[in-house]
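Look for chain A in each of the two complexes below; its partner is chain B in the first and chain C in the second.
And now, the complex of A and B:
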């Protein structure tokens, strides 16, 4: 009788101890996240219903910011550009990454060297990538147009022609996304048992057949993961566009992304209310697309 | 069979080589351009190698920009953010994985929800906090919000979850408290996770662009990324100098990557598997 009482008391001091340590351990990050991330989200939402004055003062304005936002053709352009960018860049870069990952998975010599080269853009700062490509794309002295001249092709003004600028941006986005995708896909590929391929080739299956019937289905969970994170980051594209396309660029309407315009509204012209509205609409779009992706995964992702 | 696979390997190498050239080409062109005169860079048809290596382009950058300061600002904020995140995230991750306390699930879901929020949804208030604390144009501004990471906590929690209970039980019997178990037993075992998180933090911190652009407009407190943008403002068409600056901004991380490339690649792959 006495023993169990002592035991329960010990138990409860242990539990109290656990509560103390648990909260102590999460306290710093919890406070930081609350102050810098969680509370600010609600604040942003609130700001989107306020009109901002020149000196940081703001007053309730209802849905006016949202109205202003949808009346501004620039904002429509930026959403269009971002959607096109994401829906072209993501599938394109994933397809290329799958091909490279499969090639690298073939027990070939020099795997590390190839992997290093494909990974280089990932460790290069996007601001630097923007600068490098701006030079490559230069209409008069850029190396790309010089090389096109060898084939007697008159290269376009990549970054100032409204018909080309988004394509140029998509190329840079793809080029810099391949490394990360490839590494994640390669580790997914290495998880596929070799015996499956051996069995298939004994049955006389061609490598192409094995690719579509074994590799793709078994890799689909990894592809799904890569697709989800790629879409989220594609919707936030900013850094290299900011470096390559200045606000005075004649093709700006066809180039600016949502974040580009968000930055302009919030931190260049000080319209924080409209910027907050833009941020919120983009947040909703990302959320909805991510949910759709999770819904659609049942149709094509194979979990064992 | 041998022959078939040999020719197949040749095709694979050819394909990969083409891809690799597309990847490395822009970097080589950056380096070559950075050593040319403006005239050479604009020459038609282009010259691949400069007549004389123009090291003066690099000198020019250090003369007219506080580039050494850019390095220091980037370096010190990256170090502080990385060490801070490793410590704070691993503490919280340990609690979420190994300690039972009321509200644990609620708080963990709260952390997870932060993962879903895109940055622009908290940038404006973050900027205001920094401005209200009078921290604009300081290194503290660069570091502060980045010390706290929901992603890091999530990543490390996955590691602490997989550790055997026996170790913890034995330590408890020996009278260790949770901090001792965390510090002496769990942290050393979570090394792969810590390395992965360190790599992500270094990458993000070194390359971060939008946040420094917003909070630090004075050149002496800028990191390399924002410094590069201001470089472009001054040398808008002097591509040799711009390429020299671009090279200077990006080489340290490329070298670090070359030295620790196995850890980098494994860290990124790991997040794919744990995520």
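And now, the complex of A and C:
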């Protein structure tokens, strides 16, 4: 009796010790997360109910920021643009990434060169990407329209025509998203046992048939992960739009994203309260969308 | 995780940096250290020389130069002002001045000017006015920028037209632009751009007898028929006379690039573009500058930087000595030689001689007829309103009158809430 009691007490101090050390080891990350990510979320929420003055002065203004925000027609344009961007760009980029990942999972010559090429946009600064694409898209002197001329096609004014500007942005977004998606999908592909393909080919399945029946289902957890992070980053699209489309651009209403408008409010005209309100509404939208995605995963994601 | 380490490192750098900077400030033996913040890297060497010259007169005052690129300058300054750690002396521009002055972040210098019997007559009036708020002066002018009519001599020669001269009226400009425009070669007479208000429509508004903001900063000038007409005349260059690239074209390739590649024969442009036009081989050879044409009168905006002292500086006397030195004749000559127009009257000869290819006297003459750059407390709020609405007019979505009406209404709302 006596012995067991001592044992339990020892166990519990040991456990306590373990817990202490456990927390100590994750403390740097946890503290960083709390101070630099979690706390600002609540702070932003609080500031969205305040009127910002100069030099950090603020005063309670209730729902005024949200009212001002929804009174601005720009906010509706920017939400529309962001939604269209996300819902077109994400499926497109994932589909292309899957195809490229599958192709780069074969044993072909110059494999690492191709992988590097497709990954390059990821390690390039978005601002630089925006600058380069702005030149490519230039309606009068750009290389894209120049090449279209060879086929006697009169290229559109990519970045100043309201009908084209969002498409142009989606193309750049897709192009720069493929790299990250591809790497994640490649790692997913390499987790699929080769024996499955061998068995399928012995049974006479064509490569396309086994792509749809083996690759896609077994890759679905990875695709799901890619979809979730792609949607989150697509809703926060900003940098290369900022570089390619100036505020005086005639197509600005069809081009600006929510974060573009957020930037305008926060840093151009200094209305940080309204900016906080925009950020918070966007946060809610992303949150809801992510929850929906997690709910829907049961229908199509196969875990082994 | 990676992000976190970056943040951690930044955090450490900042906290350690803060520890090491505690030994500054005034000490008993009259020695003082002051910080001087500015944003133009091109002026770094010149400012170092000025500090050296300053230390010959005042060996006890140590000046630390703090360079922050313009894009981050006011963000950083705002944060410093919020935290009560502004540099002792720093560059200020018009659009941000009233915000800082009205929030008592700056030290008024009228009494110091009076005590030192400092002569203000060498500085342009429009420039001194820019840094006055509620009858107090806050800055001594450092330099200034005015606007001129840049033109391409080669294109003028090819079209067989005389270069712009001081007798030009607005109609002469339009006629010349018509003769210079050659649609087959994609050459336009002029670029009626709006991307930079200071270099463009602000000047036609003023020259046409209009105004942008009333002197007491309570009213918008966009309901004044002269203002609207001043914008309309500039706008007509694209939409009526067809002598300018369209707004969409200038959004695709900016007007200055078109001018630099010989696609545009004339453009309004401010003196801050001189280094760029000088560095570009084509414009260095073929471009020159003339006075802006007269409309109802000849006018343009003047904007210049001022050196200000922080209200909570611990070394105001040392800071004041440095500010007066920065705006002195001696420092002005050093600036002039480096290619910046000094605000000090009579020292600009060195500047006009610094670039013999261009007739830089124009910018000094334009300063005589210049009006201060329009500012109020929330300049950026209404300047984006003007910009956004004019962009809609320029791209043909609304008329200039509709745009002006909207600007007037929205701008008055902003001004009323200041």
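The rule is short, and it goes like this: the second predicted complex is superposed on the first by the 265 of 304 C-alpha atoms of A that agree within 3 Å, B and C clash if a C-alpha of one lies under 4 Å from a C-alpha of the other, contacts with A are read in each partner's own complex, and residues count from 1 in each chain.
Throughout what follows, a contact is a pair of C-beta atoms (placed from the backbone, for glycine too) under 8 Å apart; a residue touches a chain by one contact, two chains touch by 3 or more.
Here the structure is a predicted model, which is why all the values come from computation and not from measurement.
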{"item": "Chain B versus chain C as contact partner of A:139, first or second or both or neither", "value": "second"}
{"item": "Which superposed partner A:63 touches (first chain B, second chain C, both, neither)", "value": "neither"}
{"item": "Chain B versus chain C as contact partner of A:292, first or second or both or neither", "value": "neither"}
{"item": "First (chain B), second (chain C), both or neither touched by A:153", "value": "neither"}
{"item": "First (chain B), second (chain C), both or neither touched by A:284", "value": "neither"}
{"item": "Contacts of A:124 with chain B and chain C, given as first, second, both or neither", "value": "first"}
{"item": "Partner chain(s) touched by A:247 [first = chain B, second = chain C, both, neither]", "value": "second"}
{"item": "Touched chain A residues, chain B compared with chain C", "value": "B"}
{"item": "Partner chain in contact with A:268 - chain B first, chain C second, else both or neither", "value": "second"}
{"item": "Residues of chain A that lie at the interface with chain B and also at the interface with chain C", "value": "28-29, 32-33, 36, 56, 138, 140-141, 267"}
{"item": "Chain A residues within the chain C interface of the complex", "value": "28-29, 32-33, 36, 54-56, 138-141, 157, 159-161, 246-250, 252, 264, 267-271"}
{"item": "Residue ranges of chain C in contact with chain A within the complex", "value": "1, 4, 7-8, 75, 78, 81-82, 99, 102-103, 105, 186, 194-195, 247-249, 251-253, 378, 380-381, 384, 387-388, 390-392, 394-397"}
{"item": "Of all residues in chain A, those that touch chain B in their complex", "value": "15, 17-19, 21-23, 25-26, 28-30, 32-33, 35-41, 43-44, 47, 56, 99-100, 103-104, 106, 108, 110, 112-128, 131-133, 135-136, 138, 140-141, 143, 146, 149, 175, 178, 180, 183-184, 186-188, 222, 225-226, 229, 232, 235-236, 238-239, 242-243, 258-259, 262-263, 266-267, 272, 275-276, 278-280, 282-283, 286-287, 290"}
{"item": "Chain B residues touching chain A - in the complex, by the definition given at the top", "value": "9, 12-13, 15-16, 19-20, 22-24, 26-27, 29-30, 33, 41-42, 44-46, 88-89, 91-92, 94-96, 99-102, 104, 107, 110-111, 113-114, 116-129, 144-145, 147-150, 153, 177-179, 182, 203, 206-207, 209-210, 213-214, 224-226, 228-229, 232, 239, 242-243, 245-246, 249-250, 253-254, 256-258, 261, 264-265, 268-273, 275"}
